[in-house]
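Shared between the two complexes below is subunit A, which pairs with subunit B and subunit C, respectively.
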Partner chain A sequence: MTPRAETVHWLFATGFLLLGLFLLAEAIVGRDVWAKRRWRLYLWPSLAFGLGVLLWPVSVFFTNSTLHMIAHASWAETAMIAGGAQLGLARGKLHSRWWSITVTVSLAVSGAAFLIHEQNPWLFSRSAFLHHALGWTLIVAALLPLLQAWRPRVFAWNAGFAMVWITIAVLLYCDRDVAPIFGHLSPLAGAPR
Partner chain B sequence: MKRLATVLVAGLAAVALPSAAFAHATLRHTSPALQSRVDTAPRAVVLRFDQQVGIIPHTLEVFAVDGRRVSGPPSFGGDHRVVQVKLADLVRGGYTVRWRVLSSDGHVGSGVFTFGYRTVAPPPTDAYGASGPTWADDVARWGLFVSLAVLLGSLGIRLIVLREPLPERLSQRLYIFSGLGAFAAIDVGIVAFVLRAEDALQLPFVDLMYGDLSPFANKTRFGVAFVSMTLGFALVATFVFLSWLLDMPKLLWPAFLIALGFASGLSLSGHSAVEPNSSSLSQVADFLHLSAASLWAGGLIAIVFAVWPLAPELRRGAFLGFSRLATVLVALLVVAGTYLAVLRLPAVHDLWSASYGRVLLVKLAIVCVALTWGAVHHFLVRPRLERGDSPRGLRRSLLGEASVALAVLFAAAVLVNSAPPPRPSPSPTQASPATR
Partner chain C sequence: METEFVGTLEERTARRPLRAITIEAIGPLTMLAGVIWAIAQPYRLAILHPHDKGFYDWLVQPPLLVIAVGVFFAAVIAPGIAEDLRGDE
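Showing the complex of A and B:
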């Protein structure tokens, strides 16, 4: 009854694409213009929090290995905490901009979980390649929230952070469990579909 | 520092060299099906994987409940994704299938499942070779009880004993306790689930990371309880967070009720649900017993670590209110606990002759200490507070009672993981020795 892994990835890709577009819009128009409508401040943090909540069913319904379950659970929990901290900042319940460290931790943990839970090498199949690409993207991107906290108004950091989520969405949209990458598919990976 | 640097470098190397990591095969299909009952004796067990695998020692073995191996040597089926073994003539009973396959790049994937021939299949946790819960399971279950106590206690104190609006700092700390309790219940639940599966899988740690948990999540009571409770407590964490964010304490009521409801997962997957003489009443009694104990212990923790240091003006009201609540909780604890003890111990001498009975005796002794402590608070301290006195050392005394309550929860965790003494007539659903 559980959907294919790639179908779930596509659903989350849609969420991440929206998240990235919100952040990109904020980076382009600037924080001051973006904040003229208060509700806009809640858009990406509530989306991140909601995606974290939705990751829990994925965690407990995809249990074909211990690592998969723990990886999904770590994404769920860190996304809820990071999204929650950002919502707290937007609402004025939290004040220190260093709460952005929760986003850094979330990205670093998520990236490490991607890399650790993928046991196959880069070119084993398309999903293996994408898991490695996602893991490294997230780990490198973990620096951006720190840079944003340090210099909040630098366009490069804000746009870069937005582009990270758009990149993740594109990578997830490309995901198919058993499909070739660059025309190559390991004979061990099973029949392509 | 040097060691830390070594660990960090090793960790980075582990993720930086993914091609050295190993692929593992995922089981796609089995015959007979996982935990199925078959009425025609199968001639073979067939496993189909999502990729080609290699045969290694103990790749595919089938055991009867008495440990007798009933399978021949493994061989490949149509291609190297299919592994099969022929079976000897089976007799009525439960059977355990253990598999270990080598992916061609060196990694070993493993799993276990059961099937029943002319009988109901035993759950995978009762697979042949499983040794039952260990001290690690006891500690994990205790952690789950404590998490539940912190969650229910911090919410219960706030909703039942104290009245909104609360002082800001107290409110914040209670929110932190509730959030920590909810996430801890999820995280410790995951650890407890993996440990329980590990016992049945009988794997070393690294292989366990690639062990197939799906038979446990889908085919066992504790697996279904784990899935439900994880989702339930994620919902609780969401309600607690929204209540904090939106300044809407009313949202804590659904959080409290959902947490209370999903705490029943422990009762629905424990002795009260699987023992031969279990009934709806025993499950309700177990649920009330656990909920009352969690509220009692958690309420004390909330008073000692939140109300006392942060809201001196509320200490007296909190103590008196909790004292009234504790009276009801203790009554529930005693009534439900007595009923369950009578139900699970067929004879009085089981109290000292069976290991379950001895653990129960230890638990009862600790409960007596806790009840005496609570009675001192109720009958000696409470009247003084009502007269307006301020007894000294009350926080330390409450901390002592909370510590004893946590010890009660530990004894309860050991008790839940122990098997009650057998009853004269075993259930037909239990895996029985093979008979023709």
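Showing the complex of A and C:
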């Protein structure tokens, strides 16, 4: 009954897709309409925090090296910090919009963790390609929460931030345990499955 | 304030039905993406290829998960937002 790594990645992709759709909906209707029902304010922060919590068992039970465990644990920590800060803002316990910097830190650390813990080049296998793609996507996307803090009502920043999570979901959905990427698969990666 | 960026109250009110339609379209479009994915990669669906498939192969496949997200958004999230937008008019 132990799920394969790709299955766990697909389940997390589902969480990120949901996160992206919540953020996209908020970007389309604007903060005022989104906040008309208080529970909606808690949706994406609590989902981010929950995904961080769920990353802990993945770190402990599903990683096969120290480097993998540290990378997964760093994603868990930063997702919980970012989600927790956003929950504080939604509840009114925190007031400064610059708390969004926690999201920037979360994305930058997560992106760096992806790039550092992937030891193979881009076309080694699909998994290696996705690690590089996810890492650079997160690092570039780390700018968006800063822009949101600077000008919170600009549609492009808010929709862009939502699209980042939808992109991350798509990349994670593309993951397979061992599979080629654009026709390339290193013999060192093992047999496709 | 530069009013060409903000728009008048009438213009903003006129945009609301379009926003409501957009919100209501997100769920069905997500479901459609899942269906197209299932058609493009039918081998992912255990119901079409049931041999040697385990629990996770039946339930946790990306096209099914994408469809499930679309259904959840359309049923739980979108109706309230659309209602709030139309209530504002």
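Assume the second predicted complex is superposed on the first by the 190 of 193 C-alpha atoms of A that agree within 3 Å, B and C clash if a C-alpha of one lies under 4 Å from a C-alpha of the other, contacts with A are read in each partner's own complex, and residues count from 1 in each chain.
Everything that follows uses one rule, which is that contacts are C-beta pairs under 8 Å (C-beta built on N, C-alpha and C of every residue); 3 or more make two chains touch, one makes a residue touch a chain.
Nothing here was measured: the structure is a model prediction, and the numbers come from that model.
Student: One more residue to check, A:Arg151. First (subunit B), second (subunit C), both or neither?
Tutor: After superposing on A, A:Arg151 lies clear of both subunit B and subunit C.
Student: With the two complexes superposed on chain A, say which partner A:Thr14 touches: subunit B (first), subunit C (second), both, or neither.
Tutor: A:Thr14 sits against subunit C, while subunit B stays out of touch.
Student: In the overlaid three-chain picture, which partner chain does A:Val53 touch, first (subunit B) or second (subunit C), both, or neither?
Tutor: first
Student: Per the contact definition in the header, classify A:Val29: touching subunit B only (first), subunit C only (second), both, or neither.
Tutor: Second partner only, subunit C.
Student: Is A:Tyr173 touching anything from subunit B or subunit C once the two structures are fitted on A? First, second, both or neither.
Tutor: second
Student: Applying the document's definition of touching, compare subunit B and subunit C: which contacts more of subunit A?
Tutor: Answer, by number of touched residues of subunit A: B.
Student: Once the two structures are fitted together, what part of subunit A is touched by subunit B and by subunit C alike?
Tutor: Dual-contact residues (subunit A): none.
Student: Give the list of subunit B residues in touch with subunit A in this complex.
Tutor: Of all residues in subunit B, those touching subunit A are 14-15, 18-19, 21-24, 26-27, 50-52, 81, 103-105, 107, 109, 183, 186-187, 190, 194, 197, 208-214, 216-218, 226-227, 230-231, 234-235, 237-238, 241, 244-246.
Student: Spell out the residues on subunit A that touch subunit B in their complex, using ranges where they run on.
Tutor: 49, 53, 56-57, 59-61, 63-67, 69-70, 73, 76-77, 80, 84, 87-88, 91, 93, 112, 115-116, 118-122, 124, 132, 135, 139, 178, 187-190
Student: Across the complex, what residues on subunit A touch subunit C?
Tutor: Touching subunit C: residues 1, 3-4, 7, 10-11, 13-14, 17-18, 21-22, 24-25, 28-29, 33-34, 36-37, 40, 43, 173 of subunit A.
Student: Please name which positions on subunit C make contact with subunit A in the complex.
Tutor: 19, 22-23, 26, 30, 55-56, 60-62, 65-66, 68-69, 72-73, 77-78, 80-81, 84-85, 88
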